[in-house]
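Have a look at this one.
Chain nomenclature is as follows: A, B, C and D, assigned in order of appearance, with residue numbering initiated at 1 for each chain independently.
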Amino acid sequence: MLKKWVIRCGLVVVLIILGVFLYIVGKEHVIFIDNKDITIDGVTHSATAAYEIWIDGKQVGRSALAVGKRNSASVAGPSHVIELQAIQDKEPVGEKIVKEFRISARDYQVILNIPALVAGSDLFLSAAE
Amino acid sequence: MSETYLLRMENISKDFYGNKVLENVNLNVKPGEIVGLVGENGAGKSTLMNILFGSETIHETGGFSGKIIFDGQERMFTSSFDALEAGIGMVHQEFVLIPGFTATENIMLNREITRKNLLTEVFGERMNTLDWPKMRSRALQAIETLEVNLNPDMLVKDMPVGHRQFTEIAREIDRETTKLLILDEPTAVLTETEAKVVLNIIKKLSQKGIAILFITHRLQEILDVCDTIVVLRDGKIQKILKPMETNAQEIAQYMVGRELSEQKSSVWEEREFHEVILQVNDLWVDMPGERVNGVSFEVYKGEIFGIGGLTGQGKLGIANGVMGLYPSEGQVTIRGQALKLNSPKDALNAGLAFVSEDRRGIGLLLDQPLSWNIAFTTMQVKEQFIKKLLGGLIKWRDDEAIAKLARDYIKKLSIKCVDENQLVCELSGGNQQKVCLAKAFAMNPEILFVSEPTRGIDVGAKKLVLDTLRQYNEEYGVTIVMTSSELEELRSICDRIAIVNEGRIAGILPPTAPAADFGLLMLGKTDVKEGVESAS
Amino acid sequence: MNPIKKWLIDYSVPIMFILIIIFATPLAGYSMSFLANEIMTRMSRNTFLVLSLIIPVIAGMGMNFGIVLGAMAGEIALILITDWHIVGVPGVVLAMLISTPIAIIFGYFSGAILNKAKGREMVTSLMLGFFMNGVYQLFVLYGMGKVVPITNKSILLSRGYGIRNAISLDGIRQSLDNVIKVNIWGIQIPVMTWLVITALCLFIMWFRKTKLGQDMRTIGQDMEVARASGIDVDRTRIISIIISTVLASYGMIIYLQNIGTLNTYNSHEQIGFFCIAALLVGGASVSKATIPNAFIGVILFHTVFVVSPRAGKELIGDAQLGEYFRVFITYGVIAFSLALYAWKRKVEQENERRSALGLHRASLQKPGGGGINVEKMGN
Amino acid sequence: MLVKIQRILGTIGLPRLLIALFLLSLFVIAPFVNVRVDTSINDLIIRFGMNAVLVLSLVPMIKSGCGLNFGLQLGVIAGLLGSVISLELKLRGFVGFFTAISISIVLAVILGWLYGQLLNRIKGDEMVVATYVGFSAVSFMCIMWLILPFKSPDMIWAYGGQGLRTTISTEGYWYHILDDFLRINLGSHIAVPTGTILFFALLALIMWAFFRTKAGTAMEAVGSNPDYARSCGINVNRVRTQSVILSTVFAAIGIIVYEQSFGFIQLYNAPLMMSFPAIAAILLGGASVTKVKMWHVVVGTILFQGILTMTPSVINNLIESDMSETIRIIISNGMIIYALTRKMKVRT
C-alpha cells in the first residue's frame, strides 16, 4: 500500500518536473537585437560597425544590421548561440564572434545589445519592459 | 461432535416486518453430505439459503436470529462475498452468466488470473493483464472435475441450456476454497439427460468432500441422490428423513401438511354443475418464468375452479394467456364461441375479467386516483361512464358517474381510504387488492380470473378477499377461475382444483382429496390414482 | 432473417456512404492526389478523437457525447500555453500534461452524472455537453483575465478579460505533424502524429486485455451479473468515462495543432457529432466499436465531407447545398444508426424469446412427455 | 417545522425554487440599475405569448410516456412549411394565418404519424433518437429551402440567388395578427397582446378537454402504466402515435403563433435548437420526464421567459457585460440534466 502511494506521488512529482522542463524548453522568447549605444554601470559602449547576425545558426534579417538599428528573432528554450560578423562595405571584417547565452524562462522579450557583447560585458542581455 | 459437521445452523429465525418466515430452524451438514431441501413455495427454503449466503436483502430487512457455525467457526455473513470467501458457493435458479463471454471467461468471472505489468504499480491491480492460457487451463481443470464435455472457448449464448448450467457449477467449484455448494433448482430448466448429468456431478462433488445443499421440486431426484432429506413447511423443519426409509408419498405428505379434517369446516357442500362455459384446449403460453406447455381443461358455469402448483411451473401463465397478456397458441372457447387469443380487448369483450397476480405492475395505475383505477377498464371497453357530446363525436369522461361507482365499491368492499380521489399507491396491499377486485367487478364479467388474490396481504384482509370472491360467486353466479400458490386457500373455496406441473396439468382433484395427493401432483407424480380426473 | 439481409442491415450505413462516394467523387472532379492528401490530413487530425470514443462503448455506455468535455479541457490547456508562449512540440506535450487533470475532473463529473442516468446515458451526455458549454463560456469568457491571470494581451478581448473568439496557435501549429514528415507518391504523411495514433491503438488493444478492460466488457454485457460477481460497477463506469475524456482532450490538442487556429467558443461544439458520426459510419454500433471501425469511418465520412460541397455545386450550382448536405448526413447518420440499433435490439430480444420457446417445445417432443400432442403445435 | 419545509422543498424541487428566487431578485434589483419593471413585464407577456404554445405542445407526449419531445423540430418544420406556402399564395390577414395553420396541421399529422411509427419501434430510447431525428430533419430542410420552387419575391433572395431567405418578414401578411387583436394598452409601457394570449388559452382549453375524453384518459393510462393499459384492451402503440401526432400538430401551430408575434419566419438552422428551451421551460414549471400538469406549462413559460427577459437587462447593467446567453445555456441545459438524472421507473 505504502509502496503504491510512494510510486504514485513519485509519478506526480516526475510529471510536474516534466511540465517545468517543457515550460523552460518550449518557452518562446523574442530577442530584440540592438546595434545601439548603451551605457552599463557608467561605461558607454558605442556601436561602430554593422553586423551580420546568426542565432542558433539561422541568419537574422536579410542583410547586416546597421548602426543604430534594431532587429528581432523568435527562439524557443533557454540557451542559444549568437554569431556576429562585422561588415564593412559589404565585406566581412575580422573574426566571427560566437557567444552562448541563456534566457530566463520568466522573460518573454529580451534585448541583446551588440556593442556590449562585442565589448565583452556580461550584461549585454536585459529584459524588455 | 460439533467438529464433524461442516455447517451447523442453530435456531435460525427470521421475520419480514412481523411476518414470521423461519422459526427455530436447525440444520446440520457434514462434509461431503448431500442434503435435499424440499418444501412448498413460501416454506422458507430460499430465505434460509439467503441467510446462509449472506444476501443483502436479509440485512436490509432487519437481519435474523440464531447462529451459523461454518467450518468450526461462528460466522455471520453480511454479503455474499463474505460467504464466497468462507467457502460457500451458490448456483442460482436464474443463470448468472454473461451470454457474450466464453465458458472460460464466465468461469473465471472477476477471479481472472492476471500478470503484473508496469502500470500496475501506478494504477493498481486492475491494470494487470489477463493471463489467457492460465485462465483457460484453470477453466478446463474445473470442467474436468465435473467430467462433462464442455468447450471452454464456446460462447455461453451459443450453448444449450444444460451446458450453461455446467458452466455455472464449474464456476463455483473452481474456487479452491469451496466446501459447501448450494444448488437452487439446478435441474428445473434441463432436459432429463442433462438433469442426470447434473445429478452425477453432484454425487462426484460429494465424493470429493464438498457438501451439497440441494433444492429441487423433483422428488425422484431427491430420493436418488440425497443422503438426508429436510422437509420445510411454514418456516419450520417438519421432518428430517433418510431416502432409504421413505418414499415420495411420505415426503409430499409432510410437505403439504395438515390433513383435511383440520380445516374442512370452512369448505362448503359439494355443488353440481353441468353447463361448460369455458373450454381450454391445448393452450401454450410464452410467459417468462411461468411457461404453459399445452394445457386442456373445462370450467363449468357457476363454479369456482382452482389452479394450483409450485412457482415457476406455469400455473400463472394460464390466466395470463387466456387474457391475451402473453403470446399464446391453442384454442379457447367461451360458451361455444372461439376466443381470439393474444388480444386483451377480445377477451374483455367476451365477458372475461382478470385480477392480475402482478398487482403493481399490471393491475393498477399506481399514480392515479382510486376512482380511475376502478372505472378505467369498463370505461374503455364498455364505454360506460361516458357522456356523448355532439352526437357521439366527443366521448366526454363522466367524472361524476366514476366517482359514484368508486364510492359504491369503497363501501361494498370496505376499502380503507380517504376518499375516491386518493392515489392508489398510498393504499395498503390489501386495499389495493380490493381495488383490483372492484375493477374486475365493475366489468360485470361472466368469468372472472383471479391470480394470487391474497399474495402479500395480511391475514385479516386475506379472509375478506376470499369471502368477497365467494359471495360474488354465490350472488351473481359468476364463474371464477382462481390461481393461487396457497393450496389451503384453494381448498377452502374451490369446487375443483387443477394442479399444474412443468407447464402441464398434472391432475384435477376435488378439494376433499387428501393433501398428499395434491403434494404428489405438484411434484410431478402424475400417477396419483385416487380421485384424479383425466389429466389431458 | 437470412445472413445476406442481416449483413446488409448491419452495414447499411457504411454501404450507403460508399455509394455516396462512388456517386459524388466523379461529380466533384478532384484529382486523386488532392483527395488523397486531403484525406490523409483529415485522418491524422481526427482519428485520435474518434478512437477516444471506443472505451465507453466497451463499458456499455454507448456513444460518449461527453467527449466535448474533453475537448474543452484540451482547449483550456491550449489557451494557457498560448498565454505562456510555449511553442513547438514541448508546447503540445505541455498542453496535454495540463489538460490531463482538467479532463480527469470533467470525466469524473460526467461519469458520476451518467451513473445517475443509467439507460439514458446518450441523451444525458449530449445534454451534458451543451450544459458544460455554458460553464466553459462562463470560465473562459468571464473568468479568464479576471480569476485566472492572462498576461498575453493578444488573446484577450479588448475589454481586458475574456478570451477572443479566435486564437492563433501559430506557436504549435502542426509542430507535431512536422517532426517527421514523409512524402510518398505526393502524399504528405505526418509520421509523428501517426505514431501517436498507433500508440493509442496499441493502448486500446492492450487495455482490452487488462483486468479493468475485462471488467468493463462484463459491465457492458450485463451490469447486474457484473455487480453480482463483485465488480464495482459505478466506479468502473466512471473510470471508462474519465479515460475517454482524457483521450478526447489529447485528441482535441492534436486536432487543433493541425488546424492552427482555436475558435474559442465553437471548436468543441461540433466535435462530438462529427466523431460519433464518423465512428458509426465505420460500422460501429452503440454496443460494439473497434479500431477498424474508427479508421474506416474516418476515411468514409471525411471523403464525403471533402467531396460534397463541390459535388453540390456541380449538381445544382450551389456550394451551399453541399454544406447543408454534409451537416444533414452527420445528424442523419447518428439518428439512423441509433434508431436502427434500438429497433434491432428489440427485434432480437423478441426472436430470442421465440426461439427459446421453440427449443423448449422441441425438448418436450420426446416420448413420455406427458401425453401431450406436440406435433400439431408446429411453429 | 423543518420536516414541513423539507416536504415543500421536495415538491417544488430545489432548482425550481432557486430559479424562482433568482428571477424574483432580478425584479427587485431592476429599479436600482435603471431597468424599468413595467417594460420588463411587457416583454415577459409578449414572450410568454410567443412561446407558450410550443411549450404546451410537449404535454401529450409526456402524458403518454414518450418522454420529452426532443424532436419538436418536426412540428416546427410543418409549421414553417405551412407559413411559407401561405405566403406564397399571397394570403393576408386572418385568411393567411389560418391557411398557414391548416396546411401545417395536415403536414404535422403526416410527419407526426411517421415520427410516431419510429418512436414505437425504439421504445426506451425515444429521447436520444428523437434529438437526432430533429437535428437531421432541420438540416434536411436546409437543403429543401434551397431547392423548393418558391417564387414569391418577398421570400427568395433579392439578388436572384436560389432558394428562400434565411428570415422572411411576415409584415404585410399576418404580422401581429393575434398580438394586435383586442390589444389592451396599459399605460405607455405595457401593451397586452390579448389575441395571442386568448389563442393560447383556447389551445390549452382544447388540450385540457382532450384529456377529459375517453381517448385522453387512455393516453394518460398508457403513460402511467403501459402494461395496465394493454391489459385493459388498449392498443398502446396506437395511443402513443396519437400523442406524437398531437404534439407535432401543436408544435406546428406554436411556431406560427411565434412567427406572427416575432414578425419573421426563420428558416435554415434557426429551428435547430428549438426543442431545448421549450423542454427546459416545462421542466422548470414542475413537469418531469413522465409527469406533467397543465399549469406546469404556464408557470414554466413565465419562469423561463422571465429569466430570458430579465438577465440581459439587469445583469448587463449590473456587471456591464452580456452574460445572458451563458446563463440561458446553463439554466436550460442544467434543468434538462436535472430532470434526466431523477430516479424514475424504467419500462421497456
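Here, a residue touches a chain if its C-beta (ideal position, glycine included) is under 8 Å from a C-beta of that chain, and two chains touch if they have at least 3 such contacts.
Quick caveat, the model's predicted, so the values are computed rather than measured.
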item: Comparison of A-B and C-D by number of C-beta pairs in contact, larger one; value: C-D
item: Remotest chain, chain B as reference, centres from CA atoms; value: A
item: Chain centroid nearest the full-protein CA centroid; value: C
item: Whole-Å gap separating chain A and chain B, where each centre is the average of the chain's CA atoms; value: 84
item: Approximate Å spacing (C-alpha centroids) for the pair chain C, chain D; value: 31
item: Intercentroid distance (Cα basis), chain D paired with chain B, Å; value: 48
item: Between chain C and chain A, distance of the C-alpha-averaged centres to the nearest whole Å; value: 44
item: Multi-chain contact sites of chain B, meaning residues that touch two or more partners; value: none
item: Of all residues in chain C, the ones touching two or more other chains; value: none
item: Of all residues in chain A, the ones touching two or more other chains; value: none
item: Chains grouped in pairs wherever the two touch, ordered by label; value: A-B, A-C, B-C, B-D, C-D
item: Contacting residues of chain D [partner chain C, same complex]; value: 70, 118, 121-125, 127-129, 131-133, 135-136, 138-140, 142-143, 146-147, 162-163, 276, 321, 323, 325-330, 333-334, 336-337, 340-341, 346
item: Interface residues, chain C side, partner chain A - complex; value: 81, 84-91, 93-94, 97-98, 171
item: Residues of chain C defined as touching chain D within the complex; value: 113, 116-117, 119-120, 122-124, 126-128, 130-131, 133-135, 137-138, 141-142, 159, 162, 316-318, 320-321, 324-325, 327-328, 330-332, 334-335, 338-339, 342-343, 346
item: Touching residues on chain A, where the partner in the complex is chain B; value: 3-4, 7-8, 11
item: Contacting residues of chain A [partner chain C, same complex]; value: 15, 18-19, 22-23, 25-29, 76, 108
